[in-house]
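In this document, chain identifiers A, B and C correspond to the written order of the chains, with residue numbering beginning at 1 in each.
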Amino acid sequence: MKFNEWEERKKMSVSSFIAKLAGATALVGLSAFGVQAQTSGEPVKIGAIVSATGAGAGLGVPERNGLLLAEKDINAKGGIKGRPIKIIVEDDASNPDTALSKANDLIFGQKVQALLGPSLTASTVAVGGVTHANKIPQIAFTGIGPAVERERKCLAHVLPPQRLNATALLEYAKNIKAAKIGVLHDAGYGNVVMAELKPLADKYGVKLVAVEKFEIGATDTTTQAAKVKAAQPDAVFIIATSATPFRNVKQIQIAQPVIAAIGSSSYEYVNAMGPAADNIVIPEFVVGEDPLPHQKAFVELYRQTYNSTPKNYEAAAWDAAHIIAAALNKAGADATGEKLCEAMKAPYTGVLANYDFSADDMTGIPISSFVFSKLVGGKYTRTPFRVAQ
Amino acid sequence: MTLSLVLQALFAGVTNGIVYALVGMGLSAIFKGSRVINAMQGEFAVIGAMTTVLLLTKAGWPYAAAIAGGAVAGALVGAFIEVAFVRYMAKKSASEDSFLLLTIGLALSLSASILYFVGRDGHLLPPLGGEGVLIVMDAVIQFHALWLIAIGIGATLALRAFYHRTTIGLSMMAASIDADGAATTGINVARMRTFTFVLGGLLGALGGILVTPLIGVDYQLGLNLTLKGFAAAVLGGLTNPLGAAVGGLTLGLVESLAIIGISSSYKDVVAFSVLIVIMILMPQGILGRAGRRGG
Amino acid sequence: MTSLSAGYGALTVLRDVSLKVGDGEAVALVGANGAGKTTLVRAVCGLLRARGGRIVKNGADITATPAHDLAQHGLAVVLENRRLFGELSVRENLILAETVGRKARGAHMRFSWDEVTALFPVVKERMASPVELLSGGQQQMVAIARALLLQPDLLIMDEPSTGLAPKVVKDILLVIKALRERGMGLLLIEQNVGIASEITDRAYVMSVGSIVHEIGPGEWQSFLTDERLVKAYLG
C-alpha cells in the first residue's frame, strides 16, 4: 500500500482509540455530535432471531429496534476491538419451526459466534437444542421456560422469569397493604404467571379471593370482572396481553387499585385501553417518560433514532447485544463456545436491569431492578416505589 | 352469588348477545339470499368500524356522518364481493363448498390488508350517550350498551318489516326461494343477490360500529365475530335472519351465566355444550321451522 | 320464433325450431317426454340463452331479453311445477307480480287485483296462507293468477295438468277458456293431447328437438283419430 494511505490509516486508528476512550464514559453525545469511531476488518458476526411478524410481533419489533440501535452504538464506540460487530437479525414469524431453521442457517451458514433471542418461549425451546449441542452461547428474550432450560448453562435470559414477575406484583400489593387480591387473567400468558403466583401468595400472606380466567382474544370479560368485583378484594391483578380486561374493569367501576403484569405494558395495549388507562400500576423496568439516570442515554438515543419512546423489550435487546459485545471484548473477538460463554457470566449493569448470568436461573435479575410505573390519564409516570434488596 | 352479580351477568350477556345477533343476522341474510356461507361476515364489522374511525379521526367528519359512512362502506364491500366474485362463480355453477373457500380466503386477505394499512393498534370510538353508566343494584351497564341493545332490537324489527313489507325485501326472499319462479315474476334475480350481500355487509358493519366503543376494533376482531355470529345464526336457524337475533341472545346469555354459575374456566365448554343440546333437540335451529314460513 | 336453437352446455336440444303464435291465438306444443318442449319454454321466457335464431313478439326482438323484463312485452309464463314461493303467503306471491304488472302496463291493467281474485275464489279464501300449504290444484290456480297479474297478452303454460286430479284439471280448463274468451293468446305445452285439443286451435308436434308435424286449424280431430300419426309422433 502507498505511504500516504498508510499514514491515513495510522491517524485513523489513533483517533479511533481516543474515540473509544471518550465513548466509554461519555454517553451517546459523541455519536450525536457525529464523531464516529472507525471500525475495520472482518465483522464479528452475531445471530439474532426475533418474532418480527405474527402473534409475537409486539415483542419482536421492539427487540429488533433495540438490537439494531445497539449494533450502531457498539460500532460507534469501536466495535469489538476495532472490528465491527454485525448482528444478523432473522424473523421467525412467531413460529418455532421457522425459528429452528433460521437458527441452523445462522449457526452453520453464517457461522455466528453467538445467538440473541428468540422472542417467544416456544421458539427458545426449539432453538435451544441446536445452540446447546453446538456450544453457541445464547441470550434469549424470554424469561426462563421449561426445566430443561435451567440445565443449559450457556443459555441466558435478559427478561425475568415469571416467578419474579409474580413476586413483583405481590411486593406492590404488600406495599399498599392489600391482603385480599382478585385476579383476572388470560388463558395463555396469564396461566403461566398464575402458576408462579399461587404458591407465592401463601408466602406473602395474601389471599386470592377471586381468580377469573378468560380466553385469548376474548371480546368481552365483563362477567369475569364482575365476579372479581363481587369478591370485594383490596386490589386487582390483571395478567393479560390485551386491553379488553382493563376496559371492562373500569366499565363496571371497580374502584380498587389495579396492578398489571409487565406483559400489558406496551404502548399498543395502553392506547387500546383508551380512558381505562388510568390508575394502573405495572412492575416493569423502563419508563421512557421518566427514566432512571442510567437509562437516560439509551432512551435519548432511541428517541432520536426512531422518534418514539422505548420500553422494556427494546432495552432488553440492547442489553443482550451489549453483554455479548462486552464478553467478546473480554475473551477476544474470535472467542466462541465455552470461552465466550464463561466471559458472559459476570455481573452486568444493563439499561433494563442488573444481570448476573452466573446465577442459577441464568438471568440474575434482582427484585430491586423493578421499577413500578403508573398509568395516569393514558401516560406513564414512575412511582418512587422500589423493592429494597 | 348475589342478585347484583346475576344482574351484571345478564347485562353483559344481553350486550354481547346483541353484537353476536347483528353479525349473525347478516350472515343468515346472505345465506338465505344466496346459499353462500359467508366466512368473512366479521370482516364487514371491522371494515365498518375502521372506516368510521378513519372518517371521524382523520377526515374530521361529525360522528353521525362517520357512522353512516362506515355502514355504507360495509354495504359497498358487500356489493363488490358479490359482483366481482360470487356472480362469476355462480355462473360457473360453483358448489357451496367453493363459495365457503372463497369467503374464507377473502376473510384472511381482508384481515391481512387491514393489518397492513392500519397496523396492529386497536381503535376505539366514542360511546353513544357519553361515558355515563346506569347502575342498578350495584350492576353497571354503560349507556352505550343500552343504545346498542335498543338499536339491535330496532334493526331486528326493521329487518323483519323489510322482508315482508317492502317490494325489495319480498323480491329478495322470492329470489332465494325459487330463482326461476322469481325471474318469471319480473324479479331481477342477480340484482337481488347483490342486494343480499349489500344487506349482509350493512348489518355486519353496523354490528362492528356499535361494538367498537365497548371493546375496540383491530385487525383480528373479524374472525372472533364471525365465529360467534355463525354460532348465533346456526342456533337460530340458518335461513332465518331473525332467528339469528334469538340465537345471538341465547349464546351471549349462556356464556355469561356459565361464567357465574359454573366457572370462568369452563365458559366455552358449557356454552358449546348447551348449543349442542339445543341443536340436537331443535335441528332446524330455534326459529328454524318458523323460517320456512318466511320468518 | 324462427330457427331457434338452444341447449345446455355442450348439449344442443333445440335445433332450428320455428313456430308462430298469432294475436289471440291458442297454440299447443305437444310431444313425448324429452322432446325438448320445456327447453323451448325456458328459451322463450328468457331462462335459457338461445344459441341461434330469433324470438320476436309484436315486432320487438326479445331473443336476448332476460326473463324479468318480459312482462314489459306482454309475455307471462306458468312454469312446470308452478315454481311458487312456498314459504310466502298467497298474497305475498301475488303482490310481487302485481307490482311488476303495474309498472309494465301502467294504467291499462287488463287484470286488476279484484278481477283476478274474482276469477280464482280459492285465492281470495287463502290469501294469508303460506302457499306451500295449499293443494296442488289450488297452487296451480295461484300460479296462473300470479302470471295474469303481470298483465300479459300471451300466456305460456307448461304442463298445467300434470299431477292433478281430473276434477281439478276441469276447473283449470274452465279458467283457461274464460281467459281465451277475453282474447288472451296462449301457448300451451301439454303431453296430454286430449286436453290440448280441447283448448287450442292448432298445434306443433315436437320430437327430439325439432318440430316434426304441424296440426293446422281444424285438423285436431283428424290427427287424433289417425292412430298411425299419433303413434308415430307421440310414442
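Heads up, the rule we're going with is that contacts are C-beta pairs under 8 Å (C-beta built on N, C-alpha and C of every residue); 3 or more make two chains touch, one makes a residue touch a chain.
In this text, all values refer to a predicted model and were calculated from it rather than measured experimentally.
If each chain is drawn as a node and touching chains are joined, the picture is a simple open line. Relative to the whole-protein C-alpha centroid, the nearest chain centroid is that of B. Of all chains, the one whose Cα centroid sits at the greatest distance from that of chain C is A. Averaged Cα coordinates give chain B a centre that lies 42 Å from the centre of chain C. The geometric centre of chain A is 79 Å away from that of chain C, both derived from CA atoms. The distance from the centre of chain A to the centre of chain B, with each centre set as the mean of the Cα atoms, comes to 40 Å.
Interface of chain B with chain A (complex): residues 1-2, 4-5, 8-9, 11-13, 15-16, 19, 120-124, 131, 133, 135, 139-140, 142, 211, 214-216, 218, 220-221, 224-225, 228, 255-256, 259-260, 264-265, 267-268. Residues 164, 167, 170-171, 173-174, 177-178, 180-189, 291-294 of chain B touch chain C in their complex.
Within the complex formed with chain B, the residues of chain C that make contact are 45-47, 66-71, 76-77, 79, 82-89, 92-93, 95-97, 99-101, 104, 130, 146-147, 150. Across the complex, chain A meets chain B through its residues 57-58, 212-215, 217, 219-220, 222-224, 226-227, 229-230, 243-244, 247, 251-253, 268, 271-272, 274-275.
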